[in-house]
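Look at the two complexes coming up: chain A is in both, with chain B in one and chain C in the other.
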Partner chain A sequence: MGLPMTEARLTITHPLGLHARPAALFVRTAAGFQSTVRLRNLTRDPEREADAKSILSLMTLGVEHGHEILIRADGPDEEAAIAALRQLVETNFGES
Partner chain B sequence: MPVGLVIVAHSQQLANGVREVALQMTGGGVRIEAVGGAAGGALGTDAEAIARAIAAADGPDGVLVLMDLGSAVLSTETAIEMLDGRLTGRVELSDAPLVEGAVVAAVEAAIGRSLDEVAQAALNARHMTKVLR
Partner chain C sequence: MAERRMRGTPAAPGVAVGRIVRYTPARAAVRTADLAPTEVEQEVERLQRAVAQVRERVTQARERARGMAGASEAAIFDAQLLMLEDPALIGEAERRIREQRQPAARAIDETAAALRQQFAQLEDAYLRARAADVQDLATQILRVLAGGDGAGPTEFPENTIIVAEELFPSDTALFDPGRVVALVTERGSPTAHVAILARALEMPAIVGVAGALAQAQDGEGAIVDGDWGELILSPETATVSDYQGRVDAARQERARLRALQAVPAETMDNVRITLLANIGTPREAEIALTHGAEGVGLFRTEFLFLDRPEPPSEEEQYAAYRQVATLMAHRPVVIRTLDVGGDKPLPGVRMEREDNPFLGTRGLRLSLRYLDLFRTQIRAILRAAAHGNVWMMFPMVATVQDILDARQVVEDVQAELNAQGIPYGAEMPIGIMVETPAAAVAADVLIREVDFFSIGTNDLVQYTLAVDRTNPNLAQRYDPLDVSVVRLIAQTAAAANGLGKAVAVCGELAGDPEAIPLLIGLGIRELSMTASNIPRAKEIVRSLRVADAEQQAQQRMLGGLRD
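Presenting the complex of A and B:
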């Protein structure tokens, strides 16, 4: 331990933001990793952190199109978790 | 095997629509049954049809039933009595709001949460804020 956690700052380009299908896909992807994954909506409230493995927690962040988010992962597979979530966001959750 | 879900509504169309939205959240893999309307197709609920839906969603990890309005609860309770001893898993009735509860339960079931966890998350969905501005 003692290693810094892995994080990524990303802008949500999906028109729905992190709601409905994109939010569910985000949670399902995060839940596939052992690491704890936490999320902040830097645009709305940079102090508030949500559990990325809980759909309810994630939806309280109100992440909309154009908002900037901070994803933090901490654990044995944190780099893989961040890579997977980054890819999801950058590929617009598999939609074009 | 994930927790199974049953959507009970007074209209088959309503149940189907909620199922459609919830299914979209799962990426497949979660059994979601939709049942609505009284016998003969009028608005209402039908205990026998609900019993068939619960049996179809049944599995070792249990079933969570989400209902639209009060009398759907009575019909579901009757359905469970009719199924007495013929199910593999436990059945829980959820007091969650139908759409929010179904969506949250579907995601929680999809990531392999237990029946108690799925039920609790669905219930917490009643506090979900939709209008943030």
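Presenting the complex of A and C:
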């Protein structure tokens, strides 16, 4: 890719991991941005990448509590996308 | 026809008597020939219209589920709505139409099959079960594409027992609980959505009944025993009357309990009380939920250790704890570490005979003595804490040093898990049972070292009054509401409440109708009891005022007699 991307490494502290409600919130947030947003589960399989705007794709990463994830955004609003997702994860999906 | 019995896996408890309807929604014929280039855009639009129609149906199903089963069951459909916008399902199907000129039906069918395969490889049972959501949506889209409205048949006679190969959430949401009395499937697992919905709807269900569709005849009389996992076809008259009695009794009890399940455990002056369940095996966790438990206040772990030649492995323990943690989702699960004494034989442990086992090496004392056993259990609990809202609790604590020693072991195990890169619940709360007079008297000191207290009244009463509760000669002297015990409970509650930390009562007293008002008056807001006592406890909570309870408690604290 020619242009620089924005990325963030985060640890999931929500007890349910990226399942159920947290997964839905994550996908809804990512889908609100124009940039492509990709996700990897560094703890389980750092090679495999999923579309963060797809709940099905995201669930196949099996992100559980304590796992470290890498989010990459690429596009006109990539920094805003990363900031929004980082905030979501760091505030424990609005539950803390 | 003669009576025939078939076995499956129990998925939702209860019994039902009715008549068989074999539910076999026609699988839409899938056109396989490739599209002509001019047909492509038209086919994409056809798919989008079908998806829109299914979205409409899922939205309706969500509203129905919200009304019948509650918000958490409706969440199943929230996730499905998101999947209907998902690039991995719909986007991929559109790509197959555009780029590979596949007809819409084949594109959806093949996309769903590929996704199901990916999900099937996941370790997590919850995620694996999501494959059923994908299949459910694909089936509905296929039905619409084939010219239907996406629904299978939904009109059934009264007392229908559905027999199907497999059922999906959208199917069950449309079943009328007034007509359909039980569900039987050839495939599926007790953790599938259909089982969850059946339990929420209080509809007995059995899964995994191989050959049920071939054996059962439409209109045939049958009995479903969801407790045992048995389907009885053409039952004999005696069998029917036996079961009919159980059905009637269960219906009356359900009606009474149902009225209570929807309402919170709140006093007349609006103080919220948390009602939790005591469980001894993972299976009881499900029963706890059906009784309206808001979590597990005491998960006894002895079942894993007793009556076996070898102690349980870390993996076996982890699996059992995780099962409960996952099932309870966000609800708290308080796991108590091994609580036995020298009077019970333990595998892999050579215990010395003690003259007085109740004042001997029991509970935490035993764990601290057999450190390998303790460390293995702590590892399993910490790992399970990554999958839910797990709390860890130590039994038979008398001194601050007991807590410091136990916490040191926890820290060692955490360091080990960190070094090995094994995920665990780092934020897991750690607490103690308050069941020795020593712990209760020094509660204000002990509370500084822990996150929560749970008062184990059975032992606290024995130790405080110096009365063996099993000794018939002393039965009169075993008074769980003696002024001494009441004072210990009061100061334990005050110590925890003063620091804003949780304090529960998890002994038999917590489920005792006479004791509940008193405990609330003493400052207790969490009660953990045998699950079946929860509805009755809720009735009591809802009928009292905290101000009155406090007054009663004050009198008891001064040694006043009970009303």
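By definition in this document, the second predicted complex is superposed on the first by the 94 of 96 C-alpha atoms of A that agree within 3 Å, B and C clash if a C-alpha of one lies under 4 Å from a C-alpha of the other, contacts with A are read in each partner's own complex, and residues count from 1 in each chain.
Simple rule for what comes next: contacts are C-beta pairs under 8 Å (C-beta built on N, C-alpha and C of every residue); 3 or more make two chains touch, one makes a residue touch a chain.
Computed from a predicted model, the values in this text were never measured in an experiment.
Novice: Looking at the overlay, what does A:43 touch: chain B (first), chain C (second), both, or neither?
Specialist: second
Novice: Touch test for A:10: chain B only (first), chain C only (second), both, or neither?
Specialist: Neither partner.
Novice: Applying the document's definition of touch, where does A:56 land relative to chain B and chain C: first, second, both, or neither?
Specialist: Touch partners of A:56: chain B and chain C.
Novice: Between chain B (first) and chain C (second), which, if any, makes contact with A:83: first, second, both or neither?
Specialist: In the superposition, A:83 contacts neither chain B nor chain C.
Novice: Which holds for A:25: it touches chain B only (first), chain C only (second), both, or neither?
Specialist: first
Novice: First (chain B), second (chain C), both or neither: which does A:66 touch?
Specialist: second
Novice: Have a look and say if chain B or chain C is in touch with more residues of chain A.
Specialist: For chain A, the partner with the higher number of touched residues is C.
Novice: Using the superposition on chain A as set up above, list the residues of chain A that contact both chain B and chain C.
Specialist: Dual-contact residues (chain A): 20-21, 24, 27-28, 31, 53-56, 59-60, 62.
Novice: In the complex, go through chain B and note every residue touching chain A.
Specialist: 21, 24-27, 103-104, 106-108, 110-112, 121, 124-125, 128-129, 132
Novice: How about chain A: which of its residues touch chain C in the complex?
Specialist: Within the complex, chain A contacts chain C at residues 13, 15-17, 19-21, 24, 27-28, 31, 43, 51, 53-57, 59-60, 62, 64-67.
Novice: Would you tell me which residues of chain A are touching chain B in their complex?
Specialist: On the chain A side, the touching residues are 20-21, 24-25, 27-28, 31-32, 44, 53-56, 59-60, 62.
Novice: Report the residues of chain C in contact with chain A in the complex, numbered from low to high.
Specialist: So the residues of chain C in touch with chain A come to 75, 78-79, 82-83, 85-89, 91, 115, 118-119, 122-124, 126-127, 130, 134, 329-330, 385-389, 421, 423-427.
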